[in-house]
């Protein structure tokens, strides 16, 4: 099929084909960037926390209306931990100060030397020797805490810094980029001559921070062995598969009975924490998917509409061509080829637009550069859409009777 | 003549229902996407206290240690340490001052059958209510003497009042709060500035959700050792033990506001800050050489970045989408008008001037725009509902007000008219003689 | 009523100049019924389009009811067209989206008449062509002859001084054609000037005056004696309407 006559026909009637090309271009630019953002967000929201079985893990949070005195509070924590662990189906229960994905908790500045500045902010978990096991964290170097390492801290009077610490692999890599082994090395809480230090006794493969922020710092966490008397106690509990909801209710009951004074007790599954943490990201992803579908629908409707218009404008011409010996297939091919020319123009423009839009988004928002693969995928999608959309009107054109040529209207 | 064109427009759209539906739908979808994202964005960016927002000022100083300091780097803390807050409260700068921090805990109702109420509120000073124009249902703010005396007085929200006292006026009654007895000084009417600019939450609740349940005097909260329920930013120097350790530390957790009446007073506050930090530097307490800054309400919201980038991103993409819908509509209108050459020819022959033809087709596209606007409005409600599912923050602000209502129609009509200019111009420059012959 | 002096019409494309009319002279008095004949491409359509103010001419003069047309802009020409002229086409050219009432209404709207007067005129015009009862019907529901009657009603509603008809019977069978022709003669008898382009010699014979156009120029054949209407040796014109093809 010769392209030249089709092309020159297009050039004589510029506006309509340009409109279709413009639609393809805009759609491609939006689609490539939208899909890129969707992918980025879904990758982010499916990152692992380091917990072995999120679906079976939950948090129990209790607040004393009037905090018991220090000794009594510590004793109560221990007793409550035992009560929770004794519930049938519970695989582990441990007191802690915070949990991944909850977006509230403490951070500390950490360095590998008192002189280094600045420090890196890491999520600071205070918990006890059961934490690694209950969470199901994977120790890749060193060991878990020993019971005697747990510091008992009275927030009203003590400023004790536990002597040992377990950190994540990501944090270890950041602090000691060139070391194979980090166990036995000290880290410093803050800078300056009076900064406290703790010795690394273990490294876990992964433990997300409470914020689970963007990027590698989402795994900068440190666990300090301590039991703190505060008006608020959190317990992390892991149970056998399928038992979570039952045990969540049961554990609230157990805790309520464990202490005579009024308390506010709340349980939340890790699944809920995850959903809440990534609600915005998932919402944005779904919105973009919906917009992408609409984009394609509108572009297809545009191509169908314009092709149909050209067909109806050229009915007589088509009849004449048929009368002069063009086969149905020739007519079909003519319109499809014409459409491919237009779509290709649109795609070429769209690629430039997509890159431009991406650069704008990169500059204005935290967005990674658009990988070439999205441009390729987007181009293929619109190339195929163009052919599919042009097919129906082109078929109609092909079915026009040659007799039309002889009619005077 | 306009009504004639209007009737013709309606008539013509009715005679070609599929094409019309397609155009209206395309316009409506584009408009709805733009309007719903824009509604969220403008609601989030709106001024929570327009009459006063330029006169309410937040001071920002940098009390961090030299360790880890890089000159020119934006400081991370946004609040004050307790000791500076107290100094500023006593500074006589501006016409009013207040310090705020978040306290939370429980109210134990007197009736044993009622459950314990899990509440969150603000520790602040009596001036707070005047400065932020908090409306009262009963009573009012506590007296200034209550601030000095760190008295156990409380202002409660309408919601809490109804839970504890039904519709009665509780002023003067006592409630059991944080394990202590407090006397009710007033009940606030619904007060939900959006965003909650006074003491912005940057945690999971966000800046747009919820309201204060209770207010107690700042001095009382300190005296009863209430800790800030929110981020407490501590850097560098080690903290002493206990509550006194926190008060003496450089940890920042108190939100501070000055109220002024004009720009000159704002400059005075800024001058005061400069003097204060210079003095503290001389004393060796402040070590960094960072700029001291003063923000009004909107500057402060921008500084804290309360509007998430995702909202702006959505709005941008939505307008890109509207552009696509616009191009699509141009194409469809071109298709529609190009089948009407004969009509244009006849009308021209019967005495219509080019201008009259232009007007006729222009009105027709405007009618299309109105239909697109009406459908777009309905779809906007749907779009907002969908967006609301994304977060509580959006759900809290997602309302279509009159402004947005009219903007929807304005956007739809102007979009259709922009889309219609080229096809309309083409229609009115048709050569009538040619159209009449080649029928 | 209608006077053209030394009028010419040249179509220009980027390569060719085509003379559709040259040194064209005609003077039609009020109340005349003139048929215009001529071979294809002779310029009779150009003549009718220029007479109807649908096209502009290249040089010369044209007075319509005493008004010098060449000095008018689009709005002025449109107004003149609306007030003085009525059109009837071979293809009827009714607006398919409008019912008969609204079709006849079109020229009255552009004249800016008030609602009651428009209604009166539309009803009068429709009853004059015998279609008053069909006012709410759409063109597609009528036969060709009926459609042409509506087109005539539409032309009459504006009470034009001159009625321009382009092959009004070309798409009709002979019986319908005859009745349309009788209607036109009736209208002419009441004082309206009519210019009618036709191919049909039978119709040309019926009128008082027949203008024959060949190669953009007029040869006037004045009536009565049918023998005068013996076909002239027809030259195939080498000029053609270059545009609009």
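Some observations on this one:
Order of writing sets the chain letters: A, B and C. Residues in each chain are counted from 1.
Throughout what follows, a contact is a pair of C-beta atoms (placed from the backbone, for glycine too) under 8 Å apart; a residue touches a chain by one contact, two chains touch by 3 or more.
All values reported here derive from a predicted model rather than from experimental measurement.
Chain centres defined as mean CA positions place B nearest to the mean of all protein CA atoms. With respect to chain A, maximal separation of chain centres occurs for C (centres as means of Cα atoms). Rounded to a whole number, the gap between the C-alpha centres of chain A and chain B is 26 angstrom. The distance from the centre of chain B to the centre of chain C, each centre being the mean of the chain's C-alpha atoms, comes to 67 Å.
Between chain A and chain C the centroid-to-centroid distance comes to 73 Å (mean Cα coordinates, whole Å). Under the contact definition stated at the top, the residues of chain B that touch 2 or more other chains are 439.
Residues 15-16, 19-20, 22-23, 26-27, 29-30, 33-34, 37, 63, 65-66, 102-104, 109, 117-119, 155-159, 190-192, 194, 196, 262, 264, 276, 279-284, 286-288, 290-291, 294-295, 298-299, 301-302, 305-306, 308-309, 312-313, 357, 361, 364-367, 409 of chain A touch chain B in their complex. Every residue of chain B that touches chain A in the complex is listed here, in rising order: 19, 22, 26, 29, 33, 65, 67-70, 105-106, 108, 116, 118, 178-179, 203-204, 235-243, 245, 308-310, 312-314, 316-318, 320-321, 323-325, 327-328, 330-332, 334-335, 338-339, 386-387, 389-391, 422, 439. Put simply, chain B touches chain C in their complex at residues 1, 4, 11-12, 15, 342-343, 345-356, 431-434, 436-439.
Residues 45, 49, 52, 54-55, 74-75, 77-79, 81-83, 85, 87, 89-91, 93-95, 97-98, 102, 106-107, 109-112, 154, 158, 166, 243-244 of chain C are the ones touching chain B in the complex.
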